[in-house]
Amino acid sequence: MNRGSWFGRRARPSRTASSVPEGIATKCASCGEILFARDFERNQKVCHKCQHHHRLSARERLAMTVDEETFVEIDGHLRSTDPLQFPEYLDKRKRAEEKTGLWEAVLTGTAAIEGIPVVIGVADFGFMGGSMGSVVGERVARAMEMGAAEGMPVVMFTASGGARMHEGLLALMQMAKTSAAAARLDLARIPYIVVLTDPTTGGVFASYASLGDIALAEPGAIIGFAGRRVGNQDVGTKLPDNFQTSEFQFEHGMIDRIVPRKEMRSVLAQLLGLLIQAVPNAE
Amino acid sequence: MNRGSWFGRRARPSRTASSVPEGIATKCASCGEILFARDFERNQKVCHKCQHHHRLSARERLAMTVDEETFVEIDGHLRSTDPLQFPEYLDKRKRAEEKTGLWEAVLTGTAAIEGIPVVIGVADFGFMGGSMGSVVGERVARAMEMGAAEGMPVVMFTASGGARMHEGLLALMQMAKTSAAAARLDLARIPYIVVLTDPTTGGVFASYASLGDIALAEPGAIIGFAGRRVGNQDVGTKLPDNFQTSEFQFEHGMIDRIVPRKEMRSVLAQLLGLLIQAVPNAE
Amino acid sequence: MLNNAFDFEKPISELEQLIAELRRPEKQDEAKAQGIDLDARIDVLESELKRVMKQVYSSLSPWEKTLMARHKDRPYTLDYVRLILDDFLELSGDRLAGNDEAVVGGPARLDGAPVFVIGQQKARDLRERQRRNFGSAHAEGFRKALRIARLAEKFQKPLILFVDTAGAAADLHAEEMGVSDAIARNLKELAVLRTPIVVIVIGEGGSGGALAMAVGDRVLMLEHAVYSVISPEGCASILWHDSKRAGDAADALKLTAQSAKELGVVDTVIPEPLGGAHRDPVATANSIKQAVSKSLATLAKKSITTLLDERYARIRKLGAWEE
Amino acid sequence: MLNNAFDFEKPISELEQLIAELRRPEKQDEAKAQGIDLDARIDVLESELKRVMKQVYSSLSPWEKTLMARHKDRPYTLDYVRLILDDFLELSGDRLAGNDEAVVGGPARLDGAPVFVIGQQKARDLRERQRRNFGSAHAEGFRKALRIARLAEKFQKPLILFVDTAGAAADLHAEEMGVSDAIARNLKELAVLRTPIVVIVIGEGGSGGALAMAVGDRVLMLEHAVYSVISPEGCASILWHDSKRAGDAADALKLTAQSAKELGVVDTVIPEPLGGAHRDPVATANSIKQAVSKSLATLAKKSITTLLDERYARIRKLGAWEE
């Protein structure tokens, strides 16, 4: 892998750090509580009343997860093309770029979490619903390959509606690509931690998001295969109230821990510390 | 492993080849149909009316499974002791020996099935309910070790009420022993085929009987963990009609094929032929 | 004669009916009595039929291909297993919870040599279709597939995967049993399974459910099969809130075998008999068999390390991006 | 003071009550007024108490040990995890179908060094007992245990297993999800898991459900724990059709730690504080910690090959037979 020239490059800052401009209030998306921007930001965009965890941009997530000034983007130079010349794809992507200040739906890079070096990937649902096209798949795969090559744990924050339709079959193949990279990461015995955030569905949940050694999730996140709308169409099936949420997936054995946002960083650090320490019984 | 001296020894014939003496009729244990001995034997102890598969002794099973005159017992010299000095154990064993003409609840040996050499083990439910004590565990483990050492597929016909209480903890440990041997057999890439027959429950079902690469079962056999009586004691649970039968276990993914007795030999031969042939892609 | 003809097959079925009519004994007798050379007329019509068929089937639109791929007379996995392989012994169960009949598999022989085969299985009559959930596997099905794939690995037999599904099951039970996890696990494990794998997309290659059994060293695809990230109907509803625009979506999705080959997802497009696989299942099976045998012969020469490195490289290069 | 005393503990609780009585302030005042040396009398009673306790607890019958092992105040897995390990991070789920709370496990630290710990978890209050199915695991629990054990293997951390269950769940759901298969799979995989494993039987070692999490390189057992192929009640019903003869069955089954050691099933019996683990959980935890640390230190010196060969040999020799 050649990533020399861009490896040390700093990513440009997000254009829209927050959906709530300084000094103005917003309403909780879940309970309707009026949330004052400063409190809301201080509370990591978690509603102080109902504890609803509002979605974060990739930049916001990084800021509250990794040690200050440690994130160094990798593969930021990768750009999507329009291999199918799919209707409206270029326009949509352009709007997403403008809205998020990102070039794609995932940021990958190296960083430290409480001093522990990691390779980290953070999805941004604001960029075309976090959908996985060629660049997302390629970035995730390269991040894993870097983890395997450098012996660094890999942490992935997921948020996605699934594979990106606009890249057709090539988007679907990113499921295979990221999973194959996860297989090699596993064979290299490198810790791979997934943090499922709202929402993680479809082809992302059915590929690299389900392959962590450890799976954490934020409370109340939508997590599922087909999306609740599809599930609801089943004839005569009564769906449980928590269908396709973190809590449902936890009950069904798919998640290790549901971790509130304010504890996520320290849980990650604790976990990484437990998994990476020296080997007691070498061959 | 040293098994030189007894390796070539022929096992003595069963004293009670059949529960239906020549010329006399019996009743089907399931439908009550009168079964004439000669027909019944010819039909491999399957009721011609309801297809109930009656239990077979180990000798009967061998006779209808392996090529004539090919079975050579191994480890027939192993004898149980009474490590716990358990009430009535010696008496019970003595009666079982007299009744079955066997020294223990499983016979192991080498044989050929349609010309394919195998290591084979056949349980005899008539010997203390096919229960697994030290000798059963030891014979099964040695059979698997022989399979691994000689590169011969292993076929196990199971029939057991579980671990043999009368040998206490040492009987329980046979579950670990047979499973550990199965693990090594697996690592040696040797085919291991289990045929579950009526009844296979408890500690045998929860150890080597569940570890086959391929699991076959006779129709209508009782197969389960705790025995129907125990299961029935659950409060407020309605048990399915086929609870703890071959068919139930098949539905729940535990069995590959339910094979009628008259097809068992040819299915085994077909399967063995498919699994043992030359390797197309060596390292 | 064409059963269950599609709209685009109308010119064909009309010609076929005409020819059939002329072949009726009464017509033959009548013509003979009148001294008319009916055979010559039939010959003309037949060559016209051939011309029309070639024209229609070589220029099917993506949506027409989708219909072909879903044709209820199209051969399914077990049809090809019967036609291509000997001694197939179906295995069942995931050894965890159930036996999902949307997936079938087991050992068999290809020209005498043992292989393992696994496929998604649709069905024709209603009861069997329900039993097989229309070929849409639940977690139990994907886990059964993985269990059988691991037997192939253990016994060092090549693995043949038939793909034919509208997609994975997406109901409550699927979610409860972790269908996403099961798909992901298959993608991961098949990528490093230590035995050669040949995949054939024979009908519908529907999204993640198809892909979960489509990772291998060679991916073959029948001429009129389709392979897509989403169904055209689903795509049309999302894009235009109108599932009736499925035809436009099929165009946009580039879901044909020819496109899949151009995109590098598929290595070889296997030609179908004129009119589609269901017109001549035996000929189709033979074409598949030849292609599979050829692939396996090539793969058998590779060391496991080379095989896995090339499999990984094959998957890794898929996608379109600029650096 | 003894809570929830058993019949065989009556002499002890009577003495304890007497001493407590004499220690009441009123009694003390009264004695002082009368010039009686109450402290001397208490000393006498206390040494008598010690004598009686030693006598009672060193000669517990197998049935009395069974009662001790099931004592509701006896420390459970998570109690020891809290007392022995730091930084425990509980993991959940089997990645297949569910999260069985009868089994707990995850990474933690033992004197700073990372380990993985897994155990069967009973509970005291009714709701938690139901949630944990009284410590009786279903297939999901055994599969969770195996998943966590494989993480220990992957990350090359030693594995500590706490055993405390009346047995595996034996209800319809258990059977539907293949509890037998799950137990067997654990027995098989733990036998060849490529990391050191230390097992501690802390309370009830009930049959296959216990064994499914009790395969390792060293098996330790608390002094008053029991380990048996079948419950004494079950054994008595089968032998004498009278579950009330459980005491006789307990004798016959030789289910004590001392017998388990004689039979070669257990390597080390860890002494409990006088009166049992629940009288001093901290002291018990310290004893366990020392024994586990010692075992792990020895095991850490071995190569994986030696470790696995010795583990296999250890299992292989269990049993009693004549050649």
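Just so it is clear, A, B, C and D label the chains in written order, and each chain counts residues from 1 on its own.
As a working rule, a residue touches a chain if its C-beta (ideal position, glycine included) is under 8 Å from a C-beta of that chain, and two chains touch if they have at least 3 such contacts.
Please read these numbers as outputs of a predicted model, since none were measured by experiment.
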{"item": "Given chain B and chain D, the chains that contact each of them", "value": "C"}
{"item": "Comparison of A-C and A-D by number of C-beta pairs in contact, larger one", "value": "A-C"}
{"item": "Identity of the chain that, by mean CA position, is farthest from chain D", "value": "C"}
{"item": "Length of the line joining the C-alpha centres of chain A and chain C, rounded to whole Å", "value": "34"}
{"item": "Chain B and chain C, separation of their C-alpha mean positions in angstrom", "value": "42"}
{"item": "Where chain A and chain B are represented by their mean Cα positions, the distance between them in whole Å", "value": "52"}
{"item": "Multi-chain contact residues (two or more partners), chain D", "value": "95-97, 176-178, 181, 185"}
{"item": "Residues of chain B touching at least two other chains", "value": "186, 252-254"}
{"item": "Touch-based graph of the chains, sorted into line, ring, star, complete or other", "value": "other"}
{"item": "Chain pairs that touch, as defined at the top of this document", "value": "A-C, A-D, B-C, B-D, C-D"}
{"item": "Residues of chain C that touch chain B when the two form their complex", "value": "87, 89-99, 106-109, 113-114, 140, 144, 151, 154-158, 195-196, 296, 299-300, 302-305, 307"}
{"item": "For the chain B and chain C complex, residues of the former touching the latter", "value": "186, 189, 191, 213-215, 250-257, 267, 270-271, 273-275, 277, 279-283"}
{"item": "Footprint of chain C on chain A - complex, ascending", "value": "77-81, 83-84, 86-88, 133-135, 137-138, 141, 163-165, 167-177, 179-184, 186-187, 202-203, 205-211, 224-226, 230-231, 234, 237, 239-240, 243-244, 248, 252-254"}
{"item": "For the chain C and chain A complex, residues of the former touching the latter", "value": "168, 170-172, 174-181, 183-185, 187-189, 191-192, 207-208, 211-212, 215, 227-230, 235, 238-239, 252-255, 259-260, 263, 265, 312, 315-316, 318-323"}
{"item": "In the complex with chain D, residue positions of chain C that touch it", "value": "95-97, 139, 143, 176-178, 181"}
